[in-house]
Amino acid sequence: MPTVKPIEYADAGAEVRAVYDDIKRTRNTDWINNFWKVLAHHPPTLKRTWESLKQVMAPGALDPLTKEMLYVAVSVTNNCEYCINSHTFAARRAGMSEAMFGELLAVVAMANETNRLANGYQVETDERFKQPV
Amino acid sequence: MPTVKPIEYADAGAEVRAVYDDIKRTRNTDWINNFWKVLAHHPPTLKRTWESLKQVMAPGALDPLTKEMLYVAVSVTNNCEYCINSHTFAARRAGMSEAMFGELLAVVAMANETNRLANGYQVETDERFKQPV
Amino acid sequence: MPTVKPIEYADAGAEVRAVYDDIKRTRNTDWINNFWKVLAHHPPTLKRTWESLKQVMAPGALDPLTKEMLYVAVSVTNNCEYCINSHTFAARRAGMSEAMFGELLAVVAMANETNRLANGYQVETDERFKQPV
Amino acid sequence: MPTVKPIEYADAGAEVRAVYDDIKRTRNTDWINNFWKVLAHHPPTLKRTWESLKQVMAPGALDPLTKEMLYVAVSVTNNCEYCINSHTFAARRAGMSEAMFGELLAVVAMANETNRLANGYQVETDERFKQPV
Amino acid sequence: MPTVKPIEYADAGAEVRAVYDDIKRTRNTDWINNFWKVLAHHPPTLKRTWESLKQVMAPGALDPLTKEMLYVAVSVTNNCEYCINSHTFAARRAGMSEAMFGELLAVVAMANETNRLANGYQVETDERFKQPV
Amino acid sequence: MPTVKPIEYADAGAEVRAVYDDIKRTRNTDWINNFWKVLAHHPPTLKRTWESLKQVMAPGALDPLTKEMLYVAVSVTNNCEYCINSHTFAARRAGMSEAMFGELLAVVAMANETNRLANGYQVETDERFKQPV
């Protein structure tokens, strides 16, 4: 913990506790992971981030497993160690098999590869792809 | 086309034409997009990239729509204009609705945000997330 | 506009209009920039993003000009053309002089340089920097 | 230290010692952090990087605290662990409070988020933002 | 190894062993590094990645040392710790001296710096640079 | 030119003209590309960047062509359009053939791919790669 220490429930103020309670209720667990305990150093960021995440990751037009896999794809591309570990864990809990994880990483790696081929050759976007909807 | 011009079928050698033919057959279309016509300047890259892409994007443990959405997630994170346009097009053709696209971008944006909160606070990975499988 | 067209006030639903009205009121202007008109394709993202931005960019422990310059620093590092242009504009309106802009870019460029020297040599973090607060 | 070991003053040549001496004088300290001791493996890079940094980070149109916060913003976006730790330390020494750090990371995270919304929707830059100065 | 454990030869299936054997034969060694042992969790990715790497890194218009140095340049820019360490090791084995490594990192750092100056000032590409070939 | 206009020789002050003159002399040309004409808005950045670039790109342990190709590798990874175009141009002028360019981009793309496989599987660095030199 080079910059800030996690804040435990017992040491937290009312604003932080309210978020911790909502995390526990929403996730049906007694456990809070380090990410939230560290964001607790800035309560407005803790509250806003949790409420945004709860809204964005809720089931909707996309199911929770697909959302978790998208989260992994971004985190792997950005090389965020904490986020890779926490969202791979979450994706597995949501039903991602090892075969799905293997294919997910294969697509992520391939996309990172072809992104650079398109950049390097400065490929012009085909007209067909530009139709606005 | 600042670096290289697309190579049309009529101007292509046998090795390139074989790949173009396989793209048309596999995608059941007569149309080749600029990405492949530009890779044709380096036939081994054209052939290897197409064969990898065909294998990686084929239906497997993940369906083609999920794979296209993962491709969009990576391309948006890397800001590759060509890839964003071509894979958003492909994802829509594979069945992505506007509501799904909206949720996809919301997840991608959120992941890019929390990746930086985890970086900035140097959050330590919880032991629970580190169990190897 | 390769993917989606901006949505004008006249064509917007009640939920979108409410956000447009709040943007106008908060910024004391009649003008809405394209970013919001495009997010309007996914009203929950429009509403959540606007409310977050309004909260995050409000004067607090940091003044609005410093916040806009931090926004420019991130957008330049990520090479987001829209964001570079819109936030450079906003920073100037908030009082950034050309000399300040020159120094801002010099720091951003220098940080991108030394980030890679630290990566490339795999420099170990000094104990002194790891004291948690 | 997977790639190169830090070089201590006692083991350094005249060119490297001259830079170490200037760092100590400029910063009014006896302590040299690992970054410089590792750059010492390539004396021209050590000398050029130190002289550039000294110039770029000196007080000017922007104050040293603002410059350190911009450095943190870039380092967090790039996820450079060494740089996040060393420049967060430097920013605190220059007067950054925890509330300022919280707001800094909130802006950095938000910018990384909206950068991807602008990319994903391929938002067109408004004419108003394009006025050259 | 937070996500998957390396798979040793003794525990590997026929498909994985065939790749391990080819790596040993091609590199004239008995040692397999962790990257391949971890990819073995998804045999199609192991096989495709190894065959692509073998083709791409073979001597051609560019010699193996230049190719390894380009690999280091990309890995440093992306801050991939594993890749920086493994490809710096490989580049040294291929003949990279410490002076060459120092200049390599100086160029990589400089390019990351000027990339951001070009982004930040939104410099327009000169007509002369756009001649297609 | 959305943010700043290039400054021509006739409109430049003495400090900027001195740099322009040195660029012309060093490169044996009468032509100054837009990058320098835009940096001229902040003379200390123009001067420092040019002097650093002149030193870093001079022939040394690495030849100028290898250095230009490393510059392209970084610029493609970061997707800096200006830098890709200007340094691909420079690399060609320094002797890069189309076959070399094809192999360069193949290596860059492959490195971007395997960087993400190493990230995604969180591959642990082999002890053998960690020997400091």
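For reference, chains read A, B, C, D, E and F in written order, and residue numbers begin at 1 within each chain.
Just so we're on the same page, a contact is a pair of C-beta atoms (placed from the backbone, for glycine too) under 8 Å apart; a residue touches a chain by one contact, two chains touch by 3 or more.
Every value quoted in this text rests on a predicted model; they were computed, and no experiment measured them.
*Asks:* Out of curiosity, which chains are bumping into both chain D and chain F?
*Replies:* In this structure, the chains that contact chain F and also chain D are A, B, C, E.
*Asks:* Tell me, which chains sit next to both chain B and chain D?
*Replies:* A chain counts here if it touches both chain B and chain D, which gives A, C, E, F.
*Asks:* For chain A versus chain D, what separation do you get between their C-alpha means, in angstrom?
*Replies:* Whole-Å distance between the two chain centres: 27.
*Asks:* So what's the Cα centroid distance for chain A and chain B, whole Å?
*Replies:* 20
*Asks:* Of all the residues in chain D, which ones touch at least 2 other chains?
*Replies:* Residues 1-4, 41, 44-45, 48-49, 52, 56, 77-81, 84-85, 88, 98-99, 102-106, 108-110, 112-115, 117, 119-122, 125, 129-130, 133 of chain D touch two or more partner chains.
*Asks:* Residue numbers of chain A touching chain F in their complex, please.
*Replies:* Answer in residue numbers: 72, 76-77, 79, 81, 84-85, 104-105, 108-110, 112-117, 119-122.
*Asks:* Please name which positions on chain D make contact with chain C in the complex.
*Replies:* Its residues touching chain C are 1-4, 6, 31, 33-35, 38-39, 41, 45, 49, 52-53, 56-57, 60-62, 66-67, 69-71, 73-75, 77-78, 80-83, 85-89, 92, 97-100, 102-104, 106-108, 110-115, 117-126, 128-130, 133.
*Asks:* Tell me, which parts of chain E touch chain A in their complex?
*Replies:* Per the touch definition, chain E meets chain A at residues 2-3, 41-42, 44-45, 48-49, 78-80.
*Asks:* Which residues, counting only chain D, touch chain F once they are in their complex?
*Replies:* It comes out as residues 1-5, 44, 48, 52, 55-56, 125, 129-133.
*Asks:* So in the complex, the part of chain D that touches chain A is made up of which residues?
*Replies:* For chain D paired with chain A, touching residues are 79, 84-85, 88, 98-99, 101-103, 105-106, 109.
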